[in-house]
């Protein structure tokens, strides 16, 4: 394992020190609790948006803290959900009197830790907390009897859109409603060319031969659903688009198309893949109204790509276009 | 249960986890995200770093449970934390330290895990080791040592039985059929907890 | 070699198709000449800024085309400078009547191709063309008798600042002056943990063992000056800062600090390194006025990091803060 | 020089480059950026795809030079392009096709390379193969075939002599001392050009 770190135990806390040093104008960091906070928060009268999860997905979530997006992000250990103490600290810190929305990716650990934190925050301080659980990964077979789908790329789009809605002064019920709707209308699919190495583990989570790829991966370096021979970009685009469209009808409304690099795939390939994906979508009658290309929800240095489609409406598009000022996503200001 | 026994149990478990952290992480690498060993180790190191001054075993184990909740994260933090919190709750007010009480405490812990994680038998989780262990303890309440060793033996069997299972809960469930053929990490660490108990609590 | 491509010959042209599909609002692409153009260009009365170079450094340069930065970027083959035809096409396309500035990184190929293009553009159309050659890499021993230093990270800062100055209406002489000054006041140093694979070559340019790193690398996957045992983040920060400060005194004026990922290094490590670098700079009495952290000038999927310091003045800082709207860098609008 | 000879030369060079592209790229991987083979191959494929209809060798080679400038990029594009442009320029108006004229054309090409790239002998570039080759041709003007084969032999020696050199021009110069011990890719491709010439131009 080769990483630019000092010790496997301090990766997250030292990265947070660097983040604070790099963005003193926009971020404030509660180092004891490992919570990234909006510098100008809590914003009085605004619903506080709290997300978080394991580290190793940067810029998500800490890089999405700021005006028009999150109020706080809790940084867990690498690929390990944060603990309730962190989430409670974040919830208290962002409470502007209008309640707090937790944005949770659907992993057993994340869901349980956020649940415990919400129970405690409500009991201890009477803060009204709602939660939305994002579960958009079509690679996972969903059923009543399983843990359900993983939360992946839709999370980024949701944090942006709901962040804009919160900034616009919508209340907790309205935000919970639109967040739930976004989670229901987003679908993702990913593939990997390499695995990645969790610092504490010291070696790659799985091994792929030079002529293999892994289809249906999540964002924790975990193996996917299927190991396949390495495909061309055109074939790979098909493999990503097809299961997404098979799961939800994306025709008939504007779509936000998000092509995401997993961390180790250069932008050159991401753009090439965007072109291939756009071709397939056009042929399938999907109207892309907005797009996002880049490494926004990553698995450390994993090489690979994910596709997220969100069935949007005019309201969501307006919120998508609204100003956002975070280290990871910025426009309009 | 005496405070010193509870502390010996946690100390033993912490040492065992530390020795087996690489193994647990390795199991988790195969069907999860390669962190179960480091998660549990981080938590148990925090537990043994606790002050040793507690009025009784129940308050100590409650604090240990809270410590796991606060330091582990992931799925195992809330689950092991809830286990110990409920286990401690069942000890509260117990005056005799016999196999009956022991089995009752483990049962309470198991129920905490189930209510928190919603897993049932056969879902390929720690429940598959914990539930048969508790049932075996409940069936052997004549002697505390025998109670614990039969719990351990049943837990080991339960752990081994997870290997062919297709996971329906936790991260391994994302793998679908590919999760079969691998032993569940959480079931494996539960057996370490049972081993430590058999060594220290009788 | 595992890449999300269709064929090694079409990587660049297909990536440009994807780029156009992803940014139809901001970019226009001359596919025949492989030139990325500002959608609203040429801007009449404004000096046109043209850069370019080999591909594989994305988002540089194509991702820096847009309001407040470049007017055009010429995309060469991967790691191969563009040809004069492309540069001429770009020069003609951006000419708004106020002349054109070529921003060239100091590589023999780039310099010669831009020179030939400038000669031809002047001869054929009478466009006034000036050029600035960026040569900021302190890893290279500089002398009158060699090709001189490579152009690396300072290029990004220069394109932003001079882009803002051009947008503000400064004339070609003023832009050439400030560009030359920036080039003289920027210094960079890089290190790599892995090499990268040029698609047409099919295998990594060099091999590094699991306990080795390469200090003093450029941006073309080429080996560096020294192979060293893998270092900690704190040591690596020293190795980057020290030669930069030894080459130019950065105390006494505000500094822009740019910590750049080479492509395969996750943001988590980049932030951690930013923290380490900030510590060393503070101890050395360097005042960081602005900072930039991210993968902006890359070598495909190379894992590694570079540090660029630019000795700025108030004018440069104001231009740095001015609005910019490109796919790769955006703020203020 | 006859048009057909010039075209045979370029065709032979293109084939040789294509056969040796991997070798050239490999040399460039060691002290450069692993593209000299693909650069030259891209350019020469474009040259042989040119229309075959030209008034004379000079206008054909001029077009070939422009084609290299327009398709190769990097350092070798302008350098090889300038070489052929100047080579063609020296042929213009030449009526006899002898060794004198041949040497004069190569000299003109060499001077183009030097004025474009500013490299001198010992800088570990293509000049280190090209310059001795031109000098050897100039010393053997009695017979065209002998002129070309002695140029080739001197070019080979010049190429081999680049191995111990420390580069002062081109990308390899960034490596400083570490560039020593590797043969220069551009000097290597110049020898391929000389080989093709010896086979086709006599």
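As written, the chains take the letters A, B, C and D, and residue 1 is the first residue of each chain.
Here, a residue touches a chain if its C-beta (ideal position, glycine included) is under 8 Å from a C-beta of that chain, and two chains touch if they have at least 3 such contacts.
Since this is a predicted model, take the numbers as computed values, not measurements.
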Next item on the list: Please report how many Å separate the Cα centroid of chain C from that of chain D, as a whole number.
Entry: 31
Next item on the list: Measure off the straight-line distance from the CA centroid of chain A to the CA centroid of chain C, and report it in whole Å.
Entry: 29
Margin query: Report the inter-centroid distance (CA atoms only) between chain A and chain D in whole Å.
Written below: 54
Note to self: Centroid of chain B to centroid of chain D, CA atoms only: how many Å?
What the structure shows: 74
Notebook entry, point to check: Considering chain A alone, which of its residues make contact with at least two other chains?
Noted result: 78
Notebook entry, point to check: In graph terms, with chains as vertices and touches as edges, which category applies: line, ring, star, complete, or other?
Noted result: line
Note to self: On the basis of the stated criterion, which chains touch which? Give every pair.
What the structure shows: A-B, A-C, C-D
Checklist line | Partner chain A, residues of chain B touching it in the complex | finding: 25, 29, 32-35, 38-39, 42, 69-79, 116-117, 168-171, 173-176, 178
Item checked: Contact footprint of chain D on chain C as seen in their complex -> 54, 76-85, 107-109, 112-113, 116, 137, 139-141, 145-147, 150, 198, 200-201, 203, 205-206, 218, 220-223, 225
Next item on the list: Using the touch definition up top, name the residues of chain A that touch chain C in the complex.
Entry: 1-7, 11-12, 14-23, 55-56, 58-59, 63, 78, 193-194, 210-211, 213, 230, 232-234, 236, 259, 263-276, 278, 291, 293, 295, 298, 300-301, 303, 305, 325, 327, 330-333
